[in-house]
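Okay, got some structures for you below.
You will see two complexes here that share chain A, one where it goes with chain B and one where it goes with chain C.
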Partner chain A sequence: MKKIGQNLFTYVDERFKLQGLFDFAKHKKVPEHEDSFWYYFGGIALFLSGIQVATGIMLLLYYTPSIEAAHESIQFIMSQVKFGWLIRSVHSWTANILIGILFVHMFSTFFLKAYRKPRELTWITGFFLLILFMAFGFSGYLLPWNELSYFATRVGTDIAGSLPFIGKWLKGFILGGTSVSQATLSRFFWFHVALLPLAAFTVIVIHVLLVQILGMSVPLRLKDKKVKEISFFPDFIYKDALGWTLILVLVGVVCVFLPWEVGKKADPFAATPLGIKPEWYFTFMFTTLKLIPSHVLFIEGEQLAILAFMAGGIFWMLAPFLDRKAARERPSPVFTWIGIIVLLYIVVMTVVTYTVPKL
Partner chain B sequence: MTKKIFSIAVFSALSLLPLAAFAQKNSCLDCHSGLEAELKAPAMSFAQDIHQQFGLTCKDCHGGNPAQASEDKAKDKTFKGAPKRTQIPEFCASCHSDAAYMRTFNPRLRVDQFSQYETSKHGQLLKKGDAKVAVCTDCHGVHGIQTAKFPKSATFPWNIPQTCGRCHADADYMKPYGISTDQLTKYKDSVHAHALFEKKDMSAPTCNSCHGNHGAFPPEVKSIGSVCRQCHPSTGELFAKSPHKKAFDDMGQSECEACHGNHKIERPTTAMLGTTDKAVCVQCHDKGSKGYQAAGELKTLLDGFDARIQKEGATLVLAEKKGVEVSEPAYRLQEVNTVLVSAKNLVHGLALDEIRKKLAEGEQTLADVGKASAAALDEAKFRRKGLIIATFFLALFGLALFLKIRSMRKPA
Partner chain C sequence: MERRRFINFFFGGSFLATLAAFLYPVIRYVLPPKQAEAVQKKVAAAKMGDLAPNTAKIFKFGSVPAILVNTQEGQLLAFSAVCTHLTCTVNYEAATGTLFCPCHNGRFDMAGNVISGPPPRPIETYIVEVVGEDIFVSKKA
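So, the complex of A and B:
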């Protein structure tokens, strides 16, 4: 048996030259210290992305992207297709858990200043991945064509429409018209299963390549200390796999006890239900837009908030270049405080969204 | 922003439209606007009046010459002033009964209100000199008259019970007539009021749906059935074919009202059937009689079917709580419920065989729903078992990994 395995490996290796890859993995070292726990969130995010692709492909077998049949096809998947409920619930739940993990991964990278030279591009590709996965979430939310997703999309695109200068054009482009319709569903489907996966795959490849080439960053406070190292393969992969296993158990439990609901079919003529809100990871922005006064000085409040979020996003993306101290391998408490404030703002606004009635 | 400014401008212009009518010289409004209390009221409320919206002014009802500045000249020989209360119906009818005149404003508007009013209890009493009875202005208002389609109008469906109740629920006011004043309270507890106020169903009956509006009169025993048939025709047809029809006619009993009541018509349930004290059947059918026996059978039949629907419904709710998608069987259960509603309606025809036949139509669907709900519960169990097994193997795998990681930490 062992001989057959060896022969098979030799056959494949002669053609694909895999030995080089294995040697790289064996010799690659990963630092291990008290903060190395945070390294594993990147691997978990990659693992969940794989689940997304696998379950997404399976859902495509039965999903119909038309306003007449989308909701019915989801209902069919949830009630008639063997394990359809599991595949759809895993897809929806892991999508949400994945975005949560991405936030954790991003903030841990920020607070450990792992973005500092020479990993600026790793940070920027990671930032783009968060934006891409949020776009995945926004486009995927409409696909079941239920009441909540329909009105949340309407609210979301209205917000995009209030952007100065390009708002009207952008809203029309997203919707494929003036309102949420078949054209919108077709577009969102196309975004969700074609454009975004292609973009995400490309950026993930660059991001992972950069991580492999540059290795894991060691926190600033440990830079002059001797840090223990473990081999990437198999030691680090074993630990990664343990994290994946735990996440898999969590996904299984939530899918069995709280399968993702189908909801009521969207009725474009119905009144907007009370308390409509987008997916949780958009709520900090959504609540800000609701709470901001209609006018701040000479500018409309909503426009000001959107511009502030855009400016904040650009600042966040360019943090490795703006944090000059970290770039010189020196502590940068100002950026640590900025990170704490941003994190607190996101947490507080998200909590406010779900706890303050009639917001 | 431009849109907002434009909307505000258009809205403001539309709000000011009624005032445009006053742009012409109108000494009536000039003077009355400066007066106090009830003399000022006409000038204030006329801007919202439907007559004003059709271009009519004070002089069209009251005569006079509003173009004159002085009171003496304005109140010329054509001036009629305010009509006496007893003259109001004729005063309004001078236009509203004139088909040719009314056609110029609204060709579809009826012109028989006054002739109907004369046949009403209100009109009859007014003719006898009773000035307390309702005249046009009591229901429609005086200078702020609105169309019945306007939700704030006193004659809009939601407001009618309160409009009638202003007099009919006032014990002191109704004392001389010797009629009860609990109609409004009773109506508010009825299934009809529930449909009107809770479900906002504008087609739900209010006072005028049964009593008429301008020709309002309490329906006689013989006509109650016809009144109810306006909305419940199939029930009426079934009743007409039933043995009850002749029996009720012979006894001089009103058809629907005998069992369902009048103002407080509650949601009918099978509690009305059967042989218990609450059942309406025992009002006429003595113990041991054929009717008494049939009443018991009816109740058993319908309650038995209903109980099975409730049981399957509860199972589906439980399966849904456990996370299984059950919208399809839930929808089919609604179909079975529709069969039950039809069977309940057939009770008015008193044909037990027809009721059994109707219920049999739902049997197969109910059986299918039963299978689906049981399968849904099994599916919930299967999922939990699957989770336990999968978690067990994942835990084993995790434990193996953990032990391997721990062994790696130990120095060689």
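So, the complex of A and C:
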């Protein structure tokens, strides 16, 4: 048995030249210190992305992207197909958990200043991944063609439409017309199963490759200290696998006790239901739009908010280049404070969305 | 010009031109073609007696929703039901006699003006005509 394994390995290695890869894995080390905990979130995100691909491919077997049949096909998956409820619930819950994990991953690398030279591009590709995964969430949300997702799409695409200069053009591109219709569903399906997966795959490869080439960063305050290291293989991978197992159990438990809902079929000629809100990770922006007055000085409140979020996003993306101190390996408390303020804003607005009903 | 630079320039330029020739159709393909929107000027929104006082009904006006309100005083008024903020469909709130948009709590009065919330502009009002039993709604010229 061992002999067969050995021969098989030699056969593959002679053709694929794997030895170099094994040597790399054998010698790779990962620093171990108080904040090492945060190193595991990227790996968890990678694992959850894998789950999304697997469950997404399975859902494709029964889902129909047409406004007459989409809602019915989801109902069919939930009630007729064996374990359909499980596959769909795993896909929907994991999507949400994945975005939560991405936020944790992003803020932890921000506070550890892991974005500093030479990891600027790791940060920027990571930022794009967050945007891409939010786009996955937004496009996937419409696919069941239910009431909530229908209106969320109307509001979301109208926000894109109110951008200066490119707004009208962008809205037309996203909607495939002037209103949320069959053309929109076709397009969102295309985004969700073709364009975004291709883009996300490419960016993930670059992101993870950069992490492998550059190794893990060590927090600034440990710069001159001797930091313990553990081997990437097998020690770090074992811990990674433990994290994956825990999160898989969490997903399983949530899906069994709270299967994802189907909702009411969308009716473009019905009033918007009361208490409507988007998925949780958009609520901090949504609630901002609710609270801002209709006009601030000479500009419409909504446009001001959108421009502010865009400017904030660009600033956030460029943090590695703006944080000159961290780039020179010096503490940069200003950026720590900026991070705290951004995090507080997102958390407070999100909590307010769900706790102040009359808002 | 040096020979080498000329060749680089020539091939580089041809490459870019070819790229543009490939990309242009792709971009145009991806942008949806313009479709003539059905412009509807007048629709039969409801029949007399469909609406009790202080209730409302959403109806199709061309490709967009509109709302017909029978006010507390029994007056028939019609509005676009598309909120001027971010295009949600408004409801008639009987308790206050106003149009309410649940998306970001926009509120309009029976003249279409914004009372509160983020909508930047008044909502469009339409003309209501009663012909026999039918209630017709049309756009203001």
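The rule is short, and it goes like this: the second predicted complex is superposed on the first by the 358 of 359 C-alpha atoms of A that agree within 3 Å, B and C clash if a C-alpha of one lies under 4 Å from a C-alpha of the other, contacts with A are read in each partner's own complex, and residues count from 1 in each chain.
The definition used in the following text is that a contact is a pair of C-beta atoms (placed from the backbone, for glycine too) under 8 Å apart; a residue touches a chain by one contact, two chains touch by 3 or more.
Predicted model only: the values in this text are computed from it and were never measured.
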Review point. A:18 contacts which: chain B (first), chain C (second), both, neither?
Key: neither
Next on the checklist: By the touch definition at the top of the document, which applies to A:177: first (chain B), second (chain C), both, or neither?
Outcome noted: second
Just to be sure I read the superposition right, which of the two partners does A:151 touch: chain B = first, chain C = second, or both, or neither? second
- Message: Contact-wise, after the overlay, does A:300 reach chain B, chain C, both or neither (first, second, both, neither)?
- Response: both
If you stack the two complexes on chain A, which partner ends up touching A:69: first (chain B), second (chain C), both, or neither? neither
Touched partner set for A:334, first chain B, second chain C, both or neither:
neither
- [ ] Determine, under the contact definition given at the top, whether A:238 touches first (chain B), second (chain C), both, or neither.
- [x] first
Comparing chain B and chain C in the superposed model, the one touching more of chain A is C
| task | Would you sort A:60 into first (chain B), second (chain C), both or neither based on which partner it touches? | result | neither
Chain A positions within both the chain B interface and the chain C interface are 300
In their shared complex, chain B is touched by residues of chain A numbered 75, 78-79, 85-86, 230, 235, 238-239, 241-242, 245-246, 248-249, 252-253, 256-259, 262, 300
Chain C contacts chain A in the complex at 30-32, 35, 37, 58-60, 63-65, 67, 81, 85-91, 101-105, 114, 117-120
Given the complex, residues on chain B that touch chain A span 1, 323-328, 383-384, 386-387, 390-391, 394-395, 397-398, 401-402, 404-405, 408
Within the complex, chain C is touched by chain A residues 151, 154-155, 158-159, 162, 169, 172-173, 175-179, 183, 268-276, 286, 289-290, 292-295, 300-302, 359
